[in-house]
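Two complexes follow with chain A in common, the first pairing it with chain B and the second with chain C.
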Partner chain A sequence: MTQISGEELNRNRAVDLALKVYVVLAYAFVFAPIAASFVFSFNSDRFPSIPLGEFSLEWYQAVASDPLVWQGLTNTLVIGVIVGVVSTVLGFGAAYTDYRYHFMGKQVYLALALLPPTIPVIILGLAMLAYLSRIDLSGRAISVIISHVVVCAPFAMAIIRLRLSQMDPSLEPAAWNLGASEWATMRHVIIPFTKPAIFGALFITMAVSFDEFAVAWFVSGLNETLPVKVLGFLQGQVSPRINAIGTFVFVISMTLVILAQILLSGRSAPTVEKE
Partner chain B sequence: MNRDTLVSFEGVVKRFGSFVAVQRMDFEIRKGEFLAIMGSSGCGKTTTLRMLAGLEAPTEGTIRLSGKPINHLPTWERDTPMVWQSLALFPFLNVRENVEFALKMRGVGKAERRRRAEQWLDRMQILEFAERNIAQLSGGQRQRVALARSLVVEPEILLLDEPLSALDAALKVRMQSVLKNLQRETGITFVYVTHSQSEAFSMADRVVIMSRGRIEQIGTPQEIYGTPRTRFVADFLGSSNIFSGKVTQSGSTGLEVATRDGAFRLSGSVPHLPQSGEEATITVLDTKTNLSVTPPEGNLNVVPVRVIGEEFVGATATIYTETDTGHEIKVQKSHDELASLPVGAGQRLYASWSPADSHLVGAA
Partner chain C sequence: MPRRVSLYSLTFSLPLLIWQLLFFVFPLVFLVALSFWTVKNFAMRPDFDGVNWVTMYGRAVFWQAYGTTFALAASAAILTSVLAFPCSYAIAFKLSESARRWAIFLMVIPFFTSYLVRVYSWQIFLSDRGIINVVLGWVGLGPFGMLNTVGATMVGYMTLAFPLVVLLQLFSLVFIDRSLIEAAHNMRCGRLRTVFEVVIPSARVGLTIAALFCFILTFGDFVSPVYLGGGDPTTLSILITDTTKSGQQWPRAAVIALTMIATLLVVAFVTVRFAYKGRSK
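And now, the complex of A and B:
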């Protein structure tokens, strides 16, 4: 199969160039605030202004020496890892159920499973707070975990479901036919096949949990996660420490998302060699 | 039940909701034979195979394997490996691991697994690709991996679901002889589902022809080709001229059928002699039908026809003609035989065939 590249289509060069410039500008617009935060986190000046002062790590030192920040970071990481694992397991189960079985009300099942991310976070946060305090589970780390799993599991399900849809429908019955029981097939065929998506889902759901602020703000109580802590800083004072934390969180999240991206695009499209 | 019977279908019915995929099927598969199940899509051939593999359970009836009913035995507890139309090789395993899969699931030790897998890879002439990924193999090589993966457990029966349909024509012919030889050498019973007449007839010892969930005929390729049992089979094979009409004379030496295109005689022994006045359908192979410019002499059935067209089929050609009533009669001849015959479209000729070459099919 021959791939048609841009050059072969003989397009207008000016249009080509303009489109490229457009893409660069769009990205610049999206990433400018983050880049600014990144730059000012290394700036010695108290207030973000141009010209810049000298290079400094003082804000990072200030952040690193604040036990409250460490507390928030620990909470964020522990919660993120647990949420990632639990959401991925739940998402896998939901996606496999959708792949394997046909039953009455399957459309409703799917709609409900994928619904949570579409609910406005403020409403979800409030509802979670009301519900969790009613069953005496609010204001703890577990409250944030439960709430984040609700938000994250649908992402995991969507990612794993996509991978399962790429699977040859004969693959599972072929394994049964070769003597593998349903559990053995799950272990030796379904999980190996979906592995890239499972890890992709794990990293994406961790990243979502790391960044999630609104729901965590409602339900976390004293067990604040880092994004909630940042809001605390903002309400008290304007400090370049926020830039330092922001840069740090951004780097972690982006690493996770990029890892997931590599996993999900790498092996999903097998190359077929012609004879 | 015969000693040679490996599988028997006894009154097997398969329904999906209100749709009847297979209706009351009774037949036997003999030990060591190459059986092809043939029919157009939706005729129930794949459902039959899947019931045998244990991937579908019959709604009614019993399937026996070596005399034991297996209706409710899950597929992973049967030794009925299948070669899939898509091949269904595991893309995350290399060639060797694919072949070892069934042995691993049966708890065979690592060294033994490796030995047996390599033996089959060698036999299928793909041992050199043992460490390759599936994605790096050609279509023919994948085909061989799929066969090795199923045969490594040395089953009594191998099920094949149109495994050659994805290959190009030349490779298909090569794989047909690989399959046929493999079956002969191993003595394993092959059940081969296909919609292709050439595949079924070139490989199988016996062919089952199915239509709308029913068996139309079971027999050797020669029997089915020469003496189609029903009108459907004659139509499906497409190599016979078919005439229907009323029997006007019936005796021990033959019968005469009045059709819209004239009265045609049929001689020789007929299994169920129809009475005068009954409906009857007769067929004659296109290779046994002749064309001539003048009415031929002798004891023949003759009908005037008009040439419609000619189709080149390699060593032979098929001339399509029609009678005055528009009934199609085709004639297959070698190019030499046709050289002296004017076969331009619209040419008027006489089609003829011997009453002894005519054949009576069931009224259905």
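And now, the complex of A and C:
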């Protein structure tokens, strides 16, 4: 920009400053509930507010001594790991299919692969409940796994597809020309190249499954996952136990996300091509 | 080019296709069939009877809930878009490269925190003796009844959608050709006018899609209207959970769900048409 008068410059600075303050306020809005839940999970009061009560671990103790919470946690973890693995395998297949093949009806294939997260969870939950109970698969851990994979596989696909698009398209044909079979090329070229994204997808889908409560609420029956348990607490009387569980789950999810982030960005420079 | 269908290609393409057919398409199709079933003595029977549609569409409660839900979701989409825009704009144009990366990273974090926990946390802020009322009390104001209001529902909706809207807006703003903005400035186009006549039109697709996602998310959400709005006014999502969880009226719930899907499809279609209007390339 050229030739700006002093007055105008001052005005620009003021506008810039106001915009930056606005950004800070927006982030405060986004993080206020997260921070509050963390702070109040250590607060002794039964009805959380300010001024703060004493520092206390009683809500963590209350949660830890509740066998239903432990059961919910076990369910969540087992379901989350299985969902992560299955979604990543399915997502990888779909991403590779999209990367390599052109075929009739590809648009439909991609729509099926990517649409599920845009359907409101409450509708998906109802549809799943009705359908799965029809084929005798509702009210079990497997029902949650089935429905979560439907929602999570698209995320895995998107993450792995992104990585594949960074691959030199001549890499695969080069391996074939050198006499490698398709399977060998997959094993020695494609999978090593996409490995960071594969693990990234694994962790992200696990994290999504850990937090999903609506579909799980509909189909889980007595096999409640932890988020469904939280929904139960929310329906009952207000309890700071939610904060303790929330903080705990937050730490797990963030660990997974940060692991994924490190894997996805840490090795963004292609290192695998050189044999 | 490899066009033949081989064992190799099927190994990768089929699993997802089969899974989504079995557990995504079939359940939704089944929902259509279910809406024509009948319920007698608390037991569902396969049938082909339009009675559920007639019953639900004949109820004033249903149409009230429909109007409420639509109005709430539309307001949330507009409000969130308007409030998010200055934030996305500042992140895109006023922050340094590294600050922008941090801002994006921070905006992603909420996706991995429990929405339920955040809504509960808002109860701590908004309740009668909650944080906000205590702070207002220090300066001699209030207390105001903020929980169980439409405003509280909006706060919940924004908790759900704000980060996504900012990220989507941001991705459309960072791809705007900067020379366009400089050209506008050089031609003595004022700041605000540049925003409205250059920036917003260039980012129209992304901005509209962001608002659409906000609409979709809030249209189907039942957590905020129940736990922040107090369940009043009733939304379609509340109607679905009530109908499903209490009693065996799944066919009626299916009618509501299908009406919601149809609405979302129409809204999405119209919105996307608007977003790409006049952009034939």
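Here is the rule we use: the second predicted complex is superposed on the first by the 245 of 275 C-alpha atoms of A that agree within 3 Å, B and C clash if a C-alpha of one lies under 4 Å from a C-alpha of the other, contacts with A are read in each partner's own complex, and residues count from 1 in each chain.
What we mean here is this: contacts are C-beta pairs under 8 Å (C-beta built on N, C-alpha and C of every residue); 3 or more make two chains touch, one makes a residue touch a chain.
These figures come from a predicted structure and were not determined experimentally.
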Using the touch definition from the top, say if A:S65 reaches chain B (first), chain C (second), both or neither. neither
After lining up the shared chain so the two structures overlap, which partner does A:L231 touch, if you call chain B first and chain C second: first, second, both or neither? second
Which partner reaches more residues of chain A, chain B or chain C? C
Contacts of A:L171 with chain B and chain C, given as first, second, both or neither: first
For A:A36, select first, second, both or neither according to whether it touches chain B, chain C, the two together, or no partner. second
Of the residues on chain A, which ones does chain B touch that chain C also touches? none
Give every residue of chain C touching chain A within the complex, in rising order. 1-3, 6, 8-9, 11-17, 19-21, 23-28, 30-31, 34, 83-84, 86-87, 89-91, 94-95, 103, 105-110, 112-125, 127, 129-131, 134-135, 158-159, 162-163, 166, 182, 185-186, 191, 216-217, 219-223, 227, 237, 240-241, 244, 250, 253-254, 257, 260-261, 264
Interface with chain B, chain A side, in the complex: residues 168, 170-171, 173-181, 184, 188-189, 192-193, 195, 270-275
Can you list the chain A residues touching chain C in their complex? 1-2, 12, 15-16, 19-20, 22-23, 26-27, 29-34, 36-37, 40, 47-51, 89-94, 96-97, 100-103, 109, 112-113, 115-116, 118-124, 126-132, 134, 146-147, 149-150, 153, 157, 182-183, 186, 207, 211, 213-214, 218, 227, 230-231, 234, 238, 242-243, 245-246, 249-250, 253-254, 256-257, 261
Quick check: in the complex, which residue numbers of chain B touch chain A? 53-55, 74-77, 80-82, 84-86, 88, 90-93, 101-102, 104-106, 134-140, 149-150, 153, 171
